[in-house]
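You will see two complexes here that share subunit A, one where it goes with subunit B and one where it goes with subunit C.
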Partner chain A sequence: MDIKYIDPFIQATVNVLDEFFNVKPEVQKPYLLDKDQEHQWDVSAIIGIAGEAKGAVVISFPAELAGILTSRLTGKSVEEIDEDVIDTVGEVVNIVAGNAKKGLEEYRLMISLPSIVSGKNHKIAWPGKNAPVIAIPFKTEFGIFNLSVILENIIV
Partner chain B sequence: MKILVVDDSRIMRNIIKNTLQYMHQKEDEYLEAADGVEALEILLHNHIDLLLLDWNMPRLNGLELVKKLRNIEQFVNLPIIMVTSEAAKYNVIEAIKEGVNDYLVKPVSERGLLSKIKRIFPAL
Partner chain C sequence: MASFFNSIRRFWNSITTSGVGDALSMEQRRRVVFLNSIDLAGMIILLAFSVVNYRDSKLLVAASLLSAFCILLFALIYMRIKKRFILAGYIVVITIFFLFLFLLYTGGVEKSYSLWIQTFPLVAIFILGLTPGLIATGLYFICISCLVFIPQIAQVEYGFTFGVRVIGSFILVFFFALFYENIRRQTQETLEKLSADLMAAKKQTDSIMTNVAEGIFLLDTSLNIGSEYSKELEHIFGMKNLENQSLLNLLENKIDNKILTATKDYLDMFFKADINIQLLEEINPLDRVELHFIESDFGFITKHLEFTFAPIIREEKKINILATVKDITEEVELANKLKAQETRTKKQMEQLFQIINVDPAMLNEFILDAESELDNVNALLKSDEKDYTFIVNSIYQSVHAIKGNAILLGLSYTSKKLHSIEDELSEVRENRLSWNDLLKFTIRLSEIKNEINDVKDLVERVLTFQSSKEIKKIVQKDLLINAVERTVNIMSKERGVEINLVTDNFNSKAVMAKHRKVVKDILIQLTRNSLSHGIEVPEARSSLAKEKVGTIIISSAVEDGKFTLSFKDDGRGLNAETIKEKAKTIAAFKNMDLDSLPDQKLLGLIFHPRFSTAKKTTLSAGRGIGLNLIKSTVEKNGGSLRVRSARGKYCEFIITLPL
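After this line comes the complex of A and B, so read on.
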């Protein structure tokens, strides 16, 4: 499996966490995500990718970490997944997807507006039935979050 | 100076506004819009000196707004800085071709934002 096309997404994720939140995440070992498996995340931000490749980029957080990141931007404490949390995680995935395009310039890609799904073991409507989803966990001082990327025609 | 900040993220609008307020020791006035439709409405009813414009937004996106504005005489010379996550070169070229004055990729740094504004308004 050629996962070199995942690297722009990893770099963009590290960069946005550092620049935006002053958090330096450690990249953990990537794995193939089982789309039907239960998961531990409370909120996921999703961006669809279209153009010369179809796919999606998803960043999933536990509620506590999403709240900590949000409060770093707003200066207010966060008690639940509210509008500010949704705004924050949406902007994070937007920046990750948009920035990653720079490392994938051989393909002309368009990104959608972010959509947010939350709740215990929430479901994500992954595009592409057969394409693999590559998941990359990131460790931070406040907990672990997950980046998942699916790109039909590119990652096979 | 009257600055219109257009972004569908309220938090991002606040970050941009707070960054400029912190750096600029002047009495700038800020107006905000969450998409291109709101922005156009504000532009038609206010004198705006500078437009800071996101690309990906609902209803009317930033690039579509730029195309509209450059076809309206009163906005032909309106300074526009696109502030967006879209980092691919082909996106930058497309935006410049449509008439943006400058282009800044998010995440935005204080220095990056100020230097772009100073290129348009050297006296600041």
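After this line comes the complex of A and C, so read on.
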């Protein structure tokens, strides 16, 4: 895995949250994520990556933060994870992916459409068997959300 | 008005195509339409004349015309219902045959009926075909000759001169009909043969286009796909109806935008004058290209394709590009797999040979140790700790510890990898650390985890080949002493020293389970230190009047609720002067007044993280973290560490850990 593929996603995440939601995330220390461990996220959006590196980028939110982002976007107050929240998270990830694409232009990478998983301790179908997942937490005033990356370099 | 004409036309079409079935050939269809048209036209004329004759009180003529009308009507209906073309044709021809003879017999106004009868050969030959038509016309010819030339037969007298004219014009019409039919038939046959040839050719082309394993298609000047393309193209793009689709649109979002732009520029070049075709072949951006088809769930299907393009030149103008595309995914993936497999197998074989020589129990311990090291560092990353230097140092210590164990077990592949990561870490340790450094080393940790997983897989595989009895025997041996023995064995060869290891007074059972790893790390690190810096080579020892073989004594004791471990070698001992000189060359000690430090303090410097007296960095020594690592682990466990030394005689480390 190479840091150059991850960096654009981090930049894009910070920019998008600041620009569209007026939330200023602070990046925390990265760590290795245990794929099988329980987690505290309620909704995750997954983007597939193919090309010179293969894998996925996942953004996971706790319900509260996802709700706040949704109400900032729609102007309605949000009680639970409903379609609006799913749409908002999908939209966030879409914009992040779009922004990140600019930073990835010099590499031969393709980005898929996002798919959304929600629910308490929802399972994410990580691609790749043994490859470890790097988790990058972002701290906001409304809680912590997570950007996770799993990438296998292709043998060229 | 227009709709009125339309419905008339539709009515006419419906009547004239009465009895046309799918089974009929083109030729037969035409004959049927002709028959119906003649039939219908005849009926209209007959009805009209019948009315006229009835008004003129020529009842016989009117009646015969009417009955002819009825027979034609019957023929039309019969044709429409039964579709029996030949029978209907005969009915019509025979009716006209007798009608015309009757008309000639009656003569009509100014013998004008002799004009009508001229049309018979046309009708007979067209409807019945050449041979039956000729026979009917022959019979007809005899009958009209009799009627015209033999007096008293017909109701009117035609006379010889008039008769010759009637018969002459009849023969003329007959020959025209004959020639015309002949020419028409020949043309028809040529046409049918041509169209059959064409159909056969088309069938072949179609079967080629359906079955060829390549996508073949034409591109026009706006780079759209032409109507004739091979079936495989639809298969490759997973889409139907590609006619008039833009190739660039099909490629969009499946290949890199840069390649897409290059493709457009490249294909546009084909339509420019003065192109070098060979050059075009060489710069084809789609020569070998990966297409990523986005699937529903965040996945991709990757296809490797090979495109070729060639201009098609007609009348000196480039009007099309002939393109072929081949799906080479299987070949490429197989080649990649083989390559990856080869690398992997090479690595695994290397590791396997190393692993097979090591006790499985020790390997297991190595894996558990490595995993717990990684877990510890990961826990630190997850914690609130904000001191990046401290975190990177901890990563460094963990990597160092895992590396030490890997070297000990002779896992050279893994230790090389760890060594290079250690190098990377020691490079940045002196700098101000950024978040990006942290991310980089987290990625490195993930790589180490991968590496450990690989070893784990191999060990599991090896274990399935070894009987459980053997494993039991191995486990019963003292693993702690075993680890030290291995270190000694490996390093004494490396450094050319000879060692006598004395462990009689070491009781490994007294080591508490929770301290086993700490004690093992300490023993290995001290052994390595001793062999790197302490014990002299045999020649040096001889000249110092020492035993050629160096001695290391490891002993343990339990007193006052404390576990005490002693590690003593009879090597150089610690030298305050050497330590001072070394410290002066290290940036970290610049601000210290080294000359005024008492010896005791100088000796303490060996526990400083930046201190190392080995001249060259090798895998086993000179990293300086070793003693520091021991001190910090001991203190973390609530213990203490002392060092006693006599210059040139011995060096002893005494470690106490609470029980």
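Definition applied: the second predicted complex is superposed on the first by the 149 of 156 C-alpha atoms of A that agree within 3 Å, B and C clash if a C-alpha of one lies under 4 Å from a C-alpha of the other, contacts with A are read in each partner's own complex, and residues count from 1 in each chain.
The criterion applied here is as follows: a residue touches a chain if its C-beta (ideal position, glycine included) is under 8 Å from a C-beta of that chain, and two chains touch if they have at least 3 such contacts.
What you see is a predicted model; the values in this text were computed from it and never measured.
**Student:** Is A:Val78 in contact with subunit B, with subunit C, with both, or with neither (first, second, both, neither)?
**Tutor:** neither
**Student:** Could you say whether A:Leu113 touches subunit B, subunit C, both of them, or neither, answering first, second, both or neither?
**Tutor:** both
**Student:** Let me test your reading of the model: by the given contact rule, A:Ala56 touches which partner, first (subunit B), second (subunit C), both or neither?
**Tutor:** In the superposition, A:Ala56 touches subunit C alone.
**Student:** Looking at A:Lys102 after the superposition, I want to know if it touches subunit B, subunit C, both of them or none. Which is it: first, second, both, neither?
**Tutor:** A:Lys102 contacts subunit B only, not subunit C.
**Student:** State whether A:Thr88 touches subunit B only (first), subunit C only (second), both chains, or neither.
**Tutor:** Touch partner of A:Thr88: subunit B, not subunit C.
**Student:** I'd like to know which partner A:Tyr31 touches here: subunit B for first, subunit C for second, both or neither.
**Tutor:** Only subunit C; A:Tyr31 stays clear of subunit B.
**Student:** Of the partners subunit B and subunit C, which touch A:Gly48 in the superposed model: first, second, both, neither?
**Tutor:** second
**Student:** By the touch definition at the top of the document, which applies to A:Phe20: first (subunit B), second (subunit C), both, or neither?
**Tutor:** A:Phe20 sits against subunit B, while subunit C stays out of touch.
**Student:** Which parts of subunit A are touched by subunit B and by subunit C alike?
**Tutor:** Common interface on subunit A, subunit B vs subunit C: 105, 108, 112-113.
**Student:** Okay, in this complex, where on subunit A does subunit B touch?
**Tutor:** Touch list, subunit A to subunit B: 15-16, 19-20, 70, 73-74, 83-84, 87-88, 90-91, 94-102, 104-105, 108-109, 111-113.
**Student:** Where on subunit C is subunit A touching in the complex?
**Tutor:** Listed in rising order, the residues are 253-254, 256-258, 290, 292, 294-300, 302, 336, 339-340, 343, 374, 378, 381-382, 385, 391, 435-436, 438-440, 442-443, 445-447, 449-450, 453-454.
**Student:** So in the complex, which bits of subunit B are touching subunit A?
**Tutor:** These residues of subunit B touch subunit A: 8-12, 14-15, 56-58, 84-91, 105-107, 109.
**Student:** Would you pull the subunit A residues touching subunit C in the complex into a rising list?
**Tutor:** 1-3, 6-7, 27, 29-32, 46-48, 50-51, 56, 105, 108, 110, 112-115, 127, 130-134, 136, 154-155
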